[in-house]
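In this document, chain identifiers A, B, C, D, E and F correspond to the written order of the chains, with residue numbering beginning at 1 in each.
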Amino acid sequence: MIYLTRRERFCAAHRMFRQDWSDEDNSRVFGKCSNPNWHGHNYILWVTVKGNLSEEHGFVININSLKKIILENIIEKIDHKNINLDVDFMKGRIATTENLAVAIWNELKPHIEKEGAKLHCVKIAETENNSIEYYG
Amino acid sequence: MIYLTRRERFCAAHRMFRQDWSDEDNSRVFGKCSNPNWHGHNYILWVTVKGNLSEEHGFVININSLKKIILENIIEKIDHKNINLDVDFMKGRIATTENLAVAIWNELKPHIEKEGAKLHCVKIAETENNSIEYYG
Amino acid sequence: MIYLTRRERFCAAHRMFRQDWSDEDNSRVFGKCSNPNWHGHNYILWVTVKGNLSEEHGFVININSLKKIILENIIEKIDHKNINLDVDFMKGRIATTENLAVAIWNELKPHIEKEGAKLHCVKIAETENNSIEYYG
Amino acid sequence: MIYLTRRERFCAAHRMFRQDWSDEDNSRVFGKCSNPNWHGHNYILWVTVKGNLSEEHGFVININSLKKIILENIIEKIDHKNINLDVDFMKGRIATTENLAVAIWNELKPHIEKEGAKLHCVKIAETENNSIEYYG
Amino acid sequence: MIYLTRRERFCAAHRMFRQDWSDEDNSRVFGKCSNPNWHGHNYILWVTVKGNLSEEHGFVININSLKKIILENIIEKIDHKNINLDVDFMKGRIATTENLAVAIWNELKPHIEKEGAKLHCVKIAETENNSIEYYG
Amino acid sequence: MIYLTRRERFCAAHRMFRQDWSDEDNSRVFGKCSNPNWHGHNYILWVTVKGNLSEEHGFVININSLKKIILENIIEKIDHKNINLDVDFMKGRIATTENLAVAIWNELKPHIEKEGAKLHCVKIAETENNSIEYYG
């Protein structure tokens, strides 16, 4: 079993809040991350897949196929966008990095399995100090 | 003459556009950076000051004074904010990193001179690939 | 199960040695890390907690609570200090990064469990080339 | 159980291709990585060992012993070399990072066990975006 | 006057040697960088341009134009190539980073001036420890 | 004129204080950096030299000569040492990064000129947020 990790980046705006809460409650729980006019981040995304080493190619997965899967299903939909307003796979979810990791996992999983590998981990760094990992 | 650089960070939303232009023109010139629902970045700010080395302290400037100047005048006003809507010193300017560097220079200069040093450079990185420097 | 990692930093002096050994033995085993007048590092600390994703907040743990726990229990006690002489939770231990990771784990664990999450990993980098991980 | 990771670097040329394939097939599968005149990378290697914390030294493994094992068995044989032509432990293997990680694992394992620790992970980054992990 | 820097990367093989020298002389002067079977690097290229801030756009130069200039004139010709054998603008030059910086300067300068800006600096890092800057 | 920069690192303890001041005054001016039992850093040192490009070698300076100069004159004397107590070229100076940059400049200058190049800049980062540059 070999693990391959691909790093991609996206720049997006978001706001952490619940519509069914008052501004005061949102501010108390989410702090400055709840700013009504949004803020944003340079998110870094690491996608780790695992599988057997192909004798034929010396690959776990063709890195170009993996790159294409991430670009088409995630980056093109979220880069230079508003996570709360513009991203279909985040509709109805609070725009935390935790929820983002789970949503990206669900988007990527079937595409990676079609390539004969398994999705192992979705890791997202929101800043240089905060990051989230999800293993399914 | 010695140069001292302090790094600070802020996370903000922005949109590059001109109100007096059509959506098509904004999109043609500013591309995906003109997304109407905003996007955002983890901006990195480096402020470089220069001055003579104080015999008494071995300092160019007290780093805690410099840090306080940057936090009070810049970071508290722009971190977790929308650069176009929430930041007084960017009102009426297109929210490019170039304009941001000039505006931050103008905000910081008098405060740094009061400490007996000179502002040398404001550098801002918008992503790991793009950055701006302004020397006044 | 979701994993959240918070990065913090501290700058400290230390020396690796055993009082019950001769200077020659300390030097033979610990090399230049045993310099009698101390040396120091910019340590980087990553604390990873795990837990269920809260439906209510979209969080594993409130990042501000985690940050406060690390600052109050670790950073304020060790930053700009001498690990051998000034840090209560390292008293009586050789000041290796391995021992530091175990001691920090023991300090943090009860506080993180009070927040309803589990401590998963304490990772410390002493230099850009050397790091330690402890999982309890 | 404590985990210690040592980072080392090497700069090498390589080419991904199979001699029993046509140029067209190599190019189709391996893309620009199959350039006949070679290309190269600054590879980063992380070797993670695990073991019990020695009461006597506060160590998992003496870091200088680990460093010497990696330098003598890997870095001196591969740094500033051609992976396909100059490196004995890669003879007969396609020069993918996957195969490199497995080969380095096999070279290091007996030497680390002689020091009383266990090899846990060999991680290699080929670029800032692509990396491989192997756990045996 | 504002300075804008764009970072790009390329992975290439090279060898430092002179054909009119013996193997012994090449090895004495260029050391392990003269390995006959090549070695390689992940080069990082920073291109800094300077110019007046356009009132109309808030730009020094359109970053997409600058990116396109660097990709078409440099990256497509050198990425995943052999600098000594495959790159027209390095023909007849010793493949040092110094010569590479001068050659890239000469390639980029007319294209950047056509965009109304001035080329200020070409910086290339060969490894994390070695880099070259050329200002024309 | 070409500029070449070499990066080296050293880990050292220090304390910022004046012996002719009271503890209260030292604490007021230097804050936590004045801790009587020392603290320490992973310092990063960049040495930039400039010169003409040699037609014969394609070099500004032989990087191995530069590396040797920095190791012998700086790193061996300061790495894993106490800057206040163990380092001859810092005797009698307050252990600020500013004073360190000037002292390292003075140590390196004659050796670099003997190699036919000019010392251009000594840059030292004390943490990821604070750095000093000195140009003579």
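Definition applied: a contact is a pair of C-beta atoms (placed from the backbone, for glycine too) under 8 Å apart; a residue touches a chain by one contact, two chains touch by 3 or more.
Quick caveat: nothing in here was measured; it's all calculated off a predicted structure.
So which chains are sitting against subunit A and subunit B at once?
Looking at subunit B and subunit A together, no chain touches each of them.
Using the touch definition from the top, how many steps at minimum link subunit B to subunit E?
Shortest path length, in steps: 1.
Measuring between Cα centroids, which chain is at the maximum distance from subunit D?
B
Given the two chain pairs C-F and B-F, which is bridged by the higher number of C-beta pairs in contact?
C-F
Among the chains, which has its CA centre at the largest distance from subunit F's?
That would be chain A.
Provide the C-alpha centroid distance between subunit C and subunit E, rounded to the nearest whole angstrom.
Distance between chain centres: 42 Å.
Between subunit A and subunit E, what is the separation of their C-alpha centroids in Å?
Computed from C-alpha means, the inter-chain centre distance equals 34 Å.
How many angstrom lie between the CA centroids of subunit A and subunit D, rounded to a whole number?
29
Could you pull out the residues of subunit D that touch at least 2 other chains?
128
Write out all the pairs of touching chains, ordered by chain label.
Touch list across chains, by label: A-B, A-C, A-D, B-E, B-F, C-D, C-F, D-E, E-F.
Show me the residue ranges of subunit D that touch subunit C in the complex, using the header's touch definition.
1-8, 48, 53, 57-60, 62-64
For the complex, which residues does subunit B have touching subunit A?
9, 11-14, 32-33, 35, 37-42, 79-82, 85-86, 127-128
Mind listing the subunit A positions that touch subunit C in their complex?
My answer: residues 16, 29-31, 93-96, 98-99, 101-102, 128-135.
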